[in-house]
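Across the two complexes that follow, chain A remains constant while its partner is chain B and subsequently chain C.
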Partner chain A sequence: METMLIFVLSLMLIFGFVAFASKPSPVYGGLSLVVSGGLGCAIIVSLNSTFLGLIVFLIYLGGMLVVFGYTAAMATEEYPESWVDNMVAFSMLLLSLLMEMVWLMVSGEVEVVMAVELFDSLGNYCVGQDWNGVSLLYGCGGWAMVLLGWILFITILVVLEVIRGL
Partner chain B sequence: MSPYVTTILTLSLFIGTCLTIFSEHWFTAWMGLEINTLAIIPTTPKNPRATEAATKYFLTQSTASMVMMFAIIYNAWSTNQWTLMQLSDNWASIAMTLALAIKLGLAPFHFWVPEVTQGIPLLTGMILLTWQKLAPTAILFQIAPHLNMKILIMLAILSTLVGGWGGLNQTHLRKILAYSSIAHMGWMIIIVQINPTLTILSLTIYIMATLTMFLTLNLSNVTKIKSLGGLWNKSATTTIIILLTLLSLGGLPPLTGFMPKWLILQELINNNNIMTATLMALSALLNLFFYMRLIYASSLTMFPSTNNSKMQWYDNPTQITMLIPTTTVISSLLLPLTPLFITLS
Partner chain C sequence: MLSININLIIAFTLALIGVLIYRSHLISTLLCLEGIILSLFILITLLITHFHIFSISITPLILLVFSACEAGVGLALLVKISTTHGNDYVQNLNLLQC
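Moving on to the complex of A and B:
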């Protein structure tokens, strides 16, 4: 039952990706990103990584996509182009849906591997492996945290430097 | 750009390459390459050609990073580990080779190199063609046992041919140096599975010679062959440096540039790749032809000019010429030290 759920969710995820890759107006692209993010979160949560799913919703959808939505709303035009306005986008959606159905019928058994182990390869007891990784990032992986902070800093610096004077 | 921003971007460029070279996990290697891409984007000026060049550079490097991430995750899924030196899955190593080929500017993914190099200033182009090659070559060096020789040969022969033929019709010096970069990357990648040390050696000598070329051209800000014709008047030593460096890049003995080509051809022949070696040596001649054209324009002939005096009456360089003598000596006089380089490997 759960493998069926993950399978259906991943099919819908791919369809969501096509929906923003067919490049409608950024407003509709943001909408498709929200849907794809939610579906991705559902896949992760059904694989027992609840923390990562929460992170997707809070940080990705609730932080980054909100900022993107505000900037897209500031720069939008009067009649944003949706999926049915452009023949190319619409046919891209239809063809991708068709291709997924064909693949579903033609491919053999699809296997979804769900390996939830409470013991890792050394025999140590580890529950909630996604929480484990985050705690390591604050502990012995502190250098990675500093590096990530530096990368975020130079990202915003690069963006601001590129648009300086424009 | 303010010096604070320049300092931070230069530091990030250095951090990115060091992170990739010193990493053993694929994520940190990928992170270093992304930092390199990001840190060089704002060093371009704001005119439309430079903006287009920066956009093309960013898009191609991002595509390459995406393919690399696919390869990394596929390898992690099928072999259950993230070690940099153990890219054992077949499909993953092929995808990684193609991703690194896009990053290095090998044919058939070479189309961005001339346009990007032409659109940016000389010194930024210098960093692009020399420093940005270090990190992907380091990754290639480490995954060398798992690479597919057929793909390497295809990339290398195409690159040397495209680099040779593509540079024949160019009059802008930055595009000529870009095609020279494509050809030399072809030489570097053919030997990476047989003797990876020669890849590093070839890269080092190529970087030294290209540094010399770019710094020398930057002295008088020449960017076209026409401007090269007036160089004898401004500073005659510059023409001598250009002559020596270009002959070294072309691979002529007794200059240093002969050393990597010689060793690479010897390793190829020792492994019975005689056809490959012949093709590479013949396509290096195409490179030599347009280098000779540059030498002809700068030092062997004098273009008609309106200047009546033979030389400039003062010799007061206003540019910093600190690195040029060092790199010129390295890129022209190092051939007798070949045994040292072999035994250091």
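Moving on to the complex of A and C:
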């Protein structure tokens, strides 16, 4: 059961993606995107990349989707459309099932689990190295940090220009 | 190929179809765009973990920065449309007609 955990999580991620890609009312779409983000974080964390999972939860869900939630409050209607009688959702589920079957028939073997080794073939230590990888952004990638900060600053100015005169 | 990669590519394709098909609201399209970014983030992280290329661990962070900028500009446009027309229905955007 535990070896199938990552595969089952990715399967539930597909269901979550169907739930907002079939475009119900935006409130339900935002909710299913939050659930999909949580499942994606669970996939990443179960492969021992804890920093990137934390980034998904804090920055993606806690930063960007909160903004979407507040904006979706603008789009509330009296009878929000859910997934009942939604032909698009059903056909998306059929499409994903078809793609899985085609892939199963085309590829010979099925490799489900991704093992996380302690040392790789070169003898490097492998667990928890994504923290060290991200620290490169501050070290030799310092120019990237400055560039990203500048881009975010320019984006604020762009947004203020777009809503000028509001 | 690993099966979680196939599942994530299917999820990316579903969100891409969601961006391309218009239903009533415009904000649903922006949500599907965020879904595309999420599936790309998870795919890059799986690449990093599987092949032990921890040097590109900053790539998901850079992707999230650009996604935040894109979402901000998209929401600003949405707010402008919503104040002009009162709601964000796609059928209100009918100035260009053939």
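Here is the rule we go by: the second predicted complex is superposed on the first by the 120 of 166 C-alpha atoms of A that agree within 3 Å, B and C clash if a C-alpha of one lies under 4 Å from a C-alpha of the other, contacts with A are read in each partner's own complex, and residues count from 1 in each chain.
To be clear about the criterion, a residue touches a chain if its C-beta (ideal position, glycine included) is under 8 Å from a C-beta of that chain, and two chains touch if they have at least 3 such contacts.
Not measured: the values here are computed from a predicted model.
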With both complexes overlaid on chain A, does A:92 touch chain B (first), chain C (second), both or neither?
second
According to the stated criteria, A:8 is in contact with first (chain B), second (chain C), both, or neither; which is it?
neither
Contacts of A:23 with chain B and chain C, given as first, second, both or neither:
second
Between chain C and chain B, which one touches more residues of chain A when both complexes sit on the common chain A?
C
In the superposed arrangement, which partner chain does A:52 touch: chain B (first), chain C (second), both, or neither?
second
One more residue to check, A:157. First (chain B), second (chain C), both or neither?
first
Interface residues of chain A shared by chain B and chain C, listed 151, 155, 158, 162, 166
Mind listing the chain B positions that touch chain A in their complex?
1, 5, 8-9, 12, 15, 19, 31, 34-35, 38-39, 41-42, 46, 54
Touching chain B in the complex, chain A uses residues 147, 150-151, 154-155, 157-158, 161-162, 165-166
Seen from chain C, its contact residues with chain A in the complex are 1-4, 6-8, 10-11, 13-15, 17-18, 21, 23, 25, 27-32, 34-35, 38-39, 41-42, 45-46, 48-50, 52, 54-58, 60-62, 64-69, 71-73, 75-80, 82-83, 87-88
For the chain A and chain C complex, residues of the former touching the latter
6-7, 10-11, 13-14, 17-18, 20-26, 29-30, 33, 36-37, 40, 43-44, 47-49, 51-52, 55-56, 59-60, 63-65, 67-68, 71-72, 74-75, 88, 92, 95-96, 99-100, 103, 107, 110-112, 114, 116, 120, 124, 126, 129-130, 132-134, 136-137, 141, 144, 148, 151-152, 155-156, 158-159, 162-163, 166
